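Okay, got some structures for you below.
Below are two complexes that have chain A in common, paired first with chain B and then with chain C.
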Partner chain A sequence: MSSHAIPLKEATIRNRQGLWLFFLTEVFLFGSFFVLRFSLWGDTRPELEQTAGLIATFVLLVSSLAMNRAEVAIAHGDKTKFRNNILVTFVLGAIFLGMILVYEWGALLGLHGEVLGIPVGHILPGDGVYGSVLYLMTGAHALHVLGGLVFIAITLFKGMRGDLTVKDHFFAEACALYWHFVDLVWVFFYPALYLIGHVVDIH
Partner chain B sequence: MSAHAHDGPRKGMILHGGTKLSDYFIFNTDHKVIGIQYFITSVFFFMIGGALAMLIRAELLTPNSDLGNYLGDGYEYNSLFTMHGSVMIFLWVIPILAAFANYLLPIQVGADDMAFPKLNATSYWTYFLGSVVMMAAFFVGRPAEQPLLWNIAVALVAIGTIMMLFGTFRVVGWMQMVGISLLSMGVFILWGPTAAAGNITILLTVLTVLMFVIGGRFGTERTSAYVLGCSLLILALCNLLGGASLGIPGAAAGGWTAYPPLSASQTANAPDGQTLWIIAVYILGMASQLGAINMIVTVARMRAPGLTMGRLPLFVWTVLAQSILVIGGTPVLGGTGLALLFERLYGMTFFTPADGGSALTYQHLFWFYSHPAVYIMVLPAMGLISEIFPILSKKPVFGYKAIAGSSMGITFFGFLVWGHHMFTSGMSPWLLMSFMLGSMAIGVPTGIKIFNWIATLWGGKITINSPMLFALGFLAMFVIGGVSGIMLAAVPFDLHVHDTYFVVAHFHYVLFGGTVFGVYGATYFWFPKVTGRMYNEPLGIIHWVLNFVGFNLAFLPMHWLGMMGMARRIGVYPEEFQYVNQLSSFGAFLLGIAAVPWLINLVWSAYRGKEAVGNPWGGLSLEWQTSSPPPIENFPEVPTVTHGPYDYGKGIKPPIVEELPAFQPIPAPAAD
Partner chain C sequence: MSEEQHETVTPDAETLAARLQEKLTQGIYVFLGLAALTLLEAGLVGSSTIVMMLVGIAKAALIINYFMHISSVWSEDDH
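And now, the complex of A and B:
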């Protein structure tokens, strides 16, 4: 009968292509948020907590590095190294998410004052175009990070159960690619939200 | 997809392949079944969209308001044309093309299925879900203040949730079904014009998706049938309840373009209907995107040996181009829709100028999707007739590379011309100019197609039958729509006729005269392939005559109306337009009646038609080299391609024209 059993290599190529096409749709989705950012904010931006932004960005970038090490480890069948690195990725990702929630969404979550010496966020989604775009962009990104954390957890679980082999570990590859993609989006979001334009009083 | 994909008709617990009627009603991963599911569902919505069109034209028979205007704000008429346009575009044209792409594309590339069969089935069911949400809008409204009903509703939600959860986890199908139904009944009674409505819909959506996942993973395949049943029940129950307890039905009324600030307003028109509309469009967009990814990977990886890109049937090329447009355009609509939704539900500001937002940004983003969307809606139809012309005139297609390449050209330029919808919205003159020139330039690849089709027909042995007549109809009508399109691309002209009936005439010539004619022709052309039986030719010709006359009678006069200055989207108009409007309405009614012979033909012939052979038209592409209908795995063995799809007159004998019983694989053709 015709191509009934698809060879592993071929299946992997198809999955990989599908994944990249999915990223392409995501590029256009995030692109529409960019258009909103630049058309509604122009060369202004609200005041955000710079220290928190810088640390969060750094944390996310380091997590990508750990993710890469985890992927390389599973490709070589090194389970311990895989586990350690993917755990680091998970923790760093969770820290990033927490920082966004506290230092950007703080006002919405009812926080006041400072957490760990850094002032919490003071902007609400109802604060005109500034609050709206900020929450739309960080929210969309945070949802992707959350999805990534779930993805990482499943990868860890699969890896430890022995489902990911040296020959067949596309799942880990997909997880890593997805995580890098989410990081890359932030690399563009961070300057758009934190750096470009001059600060204006949003109230 | 796992490596051990196809073990017979079933893959694990999920059904694959349609051997009996009930196989068509559930989560089924066979692309042919999915194609038919898409077909039936979208034809159903075509009828609904058509019925709405009949109501529009009935209202327009007289200058004053006939169908009722209870609130005095023209809401009824507004929601009529909004839902007509939305149903036609999102629930009929786009999915009917997906139906053909799903059914034909894998066979035409010589594959046994799509690259991701489960994802494919998920696309269909996502579309189904979106259509339910879109339709639900008809039945939500302003709930009457009835305490008894309120209590019942709360009880229904509680009991429904418990039953649904229990049913899902213990895999007790009927319980799950009853649970979801009770839950949704309750939700729809509780519905108020509040933000909660949106939240609940999102919740319901997530729940339903979860049902699919859980059903597919742990349940029996019947679970999905229950989900389908539930969705239908939701609709039916909403209908009943809507009639019993709600006041005015509240479908969206902001036009199919949903321009803010009107569509962002919490009070104008029907707030819940508008919210549901946005959610529905988002879900439907997801379905398209999943489908597009699948199509591209299928073409990239699953072509039969010997089937080079230069030997792909032209339909495959157009689906490829369409998929690229979907990938680049639809997510932008999704992002914009999300922003609009949040603006409605959570008091955020993006598009309402009064609050500091920018309505113009919405228009830019919307048309960045929706201009490519017009090609999403027409390219595959061009592909369909590109198959019909050469095969029914037994000539190699003229300018294969030009036709295939022009699809890609249209795709590229399609992303650069969205501004021609916004000439009156205000933009800088140099932008006006470049959008104008770009829009005119896009006429070039389209013209290339037209001339190549004509050259293909030229001197051919043309078979005049229903598919050919409709394809010729496409050609003629599309030229009219194309020419009025070039007229509209000229800024000075557009400033005069923008938002008049001239525009309505233009896009119906393209969408109905083009796409729908092409789809009509294609249903006849591939009818023997799909059903294994022949359609009724005289009935098909009657259908064509009624359609052709009705269509032109309905839409040609609209050009005049527009030039005379009649605005679109109005239910009440100055008396001097009445005569032409009546002409148009009678044409429209004729056009409505024209669908009847088509439906009769489809249903009757599917059961009683003459048995068809594997290759009734003498086609050379792969779908004609297997039985009618094809077996579940499409080909008995992987076919090898040794020639182009339209290589007539080169001594290649069209394979297999003798009669063969259904489901019998036909031997592969002898290559020369």
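And now, the complex of A and C:
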């Protein structure tokens, strides 16, 4: 067996291309859910808590900014900024996940009333097409957020151990790209779930 | 291409710090654009699907271009 070392720059470009091909497969997955929403809900939507949706969207948006700052920092050798920002990203990602669980999946988790002054979710997966599509879309996205949190934790660990350098930090770049992709999916899921169409009473 | 041709000189600390500041500032501008578009679409609740999707595409373009650095897929540019 012969070994052929690929120069770092070339390897990085190949890795980037592989990652973007992975994103393409994910676009097909999330795209199918998106199409499903419009074919089953049409110009209608269930009543979802607007305040929770907007706050969750902003939490994810700020986490994307923090991730961008972390990636830029490690690429320029600033480990302190990298650590602080990737920690902020992790915390905000966890808050987003918690908000989806409470304010969308609340009924399934047996929650009632309000949490922090915002009503918890009242829709169950068995509530017709509205329940099934809502849980499918938020569930698939939440699983990716969860995967992203694990990825972030590993990246933080590698960064602190000194495995990521100015010249060689593709692991952090991949983590950042993945997190931004998760945000990108929500850019389309948020209006599809919360904003488009007129509200119908599903009960 | 030989390995020597791929070798690059690591910029000095001052240059790196200046570039870092420039990129961080750019990130804040992109975030402000995304935040403004999010508030716009939240204000447009119930309006046509096409309008909502146009706002979504504008947000996606900002994320893909500035946060995901799509141009670097084919180049040796670092972020």
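As a working rule, the second predicted complex is superposed on the first by the 200 of 203 C-alpha atoms of A that agree within 3 Å, B and C clash if a C-alpha of one lies under 4 Å from a C-alpha of the other, contacts with A are read in each partner's own complex, and residues count from 1 in each chain.
By our rule, a contact is a pair of C-beta atoms (placed from the backbone, for glycine too) under 8 Å apart; a residue touches a chain by one contact, two chains touch by 3 or more.
A quick note: this is a predicted structure, and the numbers were derived from the prediction, not measured.
A.B. asks: Considering only the touch criterion stated at the top, classify A:Ala107 as touching first (chain B), second (chain C), both, or neither.
C.D. replies: Neither partner.
A.B. asks: Look at A:Ile118 in the shared chain and tell me whether it touches chain B only, chain C only, both, or neither; answer first, second, both or neither.
C.D. replies: After superposing on A, A:Ile118 lies clear of both chain B and chain C.
A.B. asks: Counting only touches as set out at the top, which of chain B and chain C does A:Gly131 meet: first, second, both, neither?
C.D. replies: first
A.B. asks: Once the structures are superposed on A, label A:Ile13 by its partner contacts, choosing first (chain B), second (chain C), both or neither.
C.D. replies: both
A.B. asks: One more residue to check, A:Ala75. First (chain B), second (chain C), both or neither?
C.D. replies: Second partner only, chain C.
A.B. asks: Could you say whether A:Gly31 touches chain B, chain C, both of them, or neither, answering first, second, both or neither?
C.D. replies: A:Gly31 sits against chain B, while chain C stays out of touch.
A.B. asks: For A:Gln50, using the defined touch cut-off, is the partner it touches chain B, chain C, both, or neither? Pick first, second, both or neither.
C.D. replies: After superposition on chain A, A:Gln50 lies in contact with chain C alone.
A.B. asks: So which positions on chain A get touched by both chain B and chain C?
C.D. replies: 5, 7-8, 10, 13, 17.
A.B. asks: List the residues on chain A that touch chain C in their complex, please.
C.D. replies: 5, 7-10, 12-13, 16-17, 20, 38, 43, 50, 54, 57-58, 61-62, 64-65, 67-69, 71-73, 75-78, 81, 166-167, 173, 176-177, 180-181, 183-184, 187-188, 190-191, 194-198
A.B. asks: Where on chain A does chain B make contact in their complex?
C.D. replies: Those in contact with chain B are residues 1-8, 10-11, 13-15, 17-18, 21-22, 24-33, 35-36, 39-40, 125-126, 128-129, 131-133, 135-136, 140.
A.B. asks: Could you please specify the touching residues of chain B with respect to chain A in the complex?
C.D. replies: Where chain B meets chain A, its residues are 1-7, 111-112, 115-116, 119, 289, 292-294, 296-297, 300-302, 327-332, 334-336, 338-339, 342-343, 346-350, 355-358, 361, 364-365, 633-638.
A.B. asks: For the complex, give me every residue of chain C touching chain A.
C.D. replies: Residue positions touching the partner: 1, 3, 6, 8, 10, 13, 16-17, 19-20, 23-24, 27-28, 30-31, 34-35, 38, 41-42, 44-46, 49, 52-53, 55-56, 59-60, 63-64, 66-68, 70, 72-76, 78-79.
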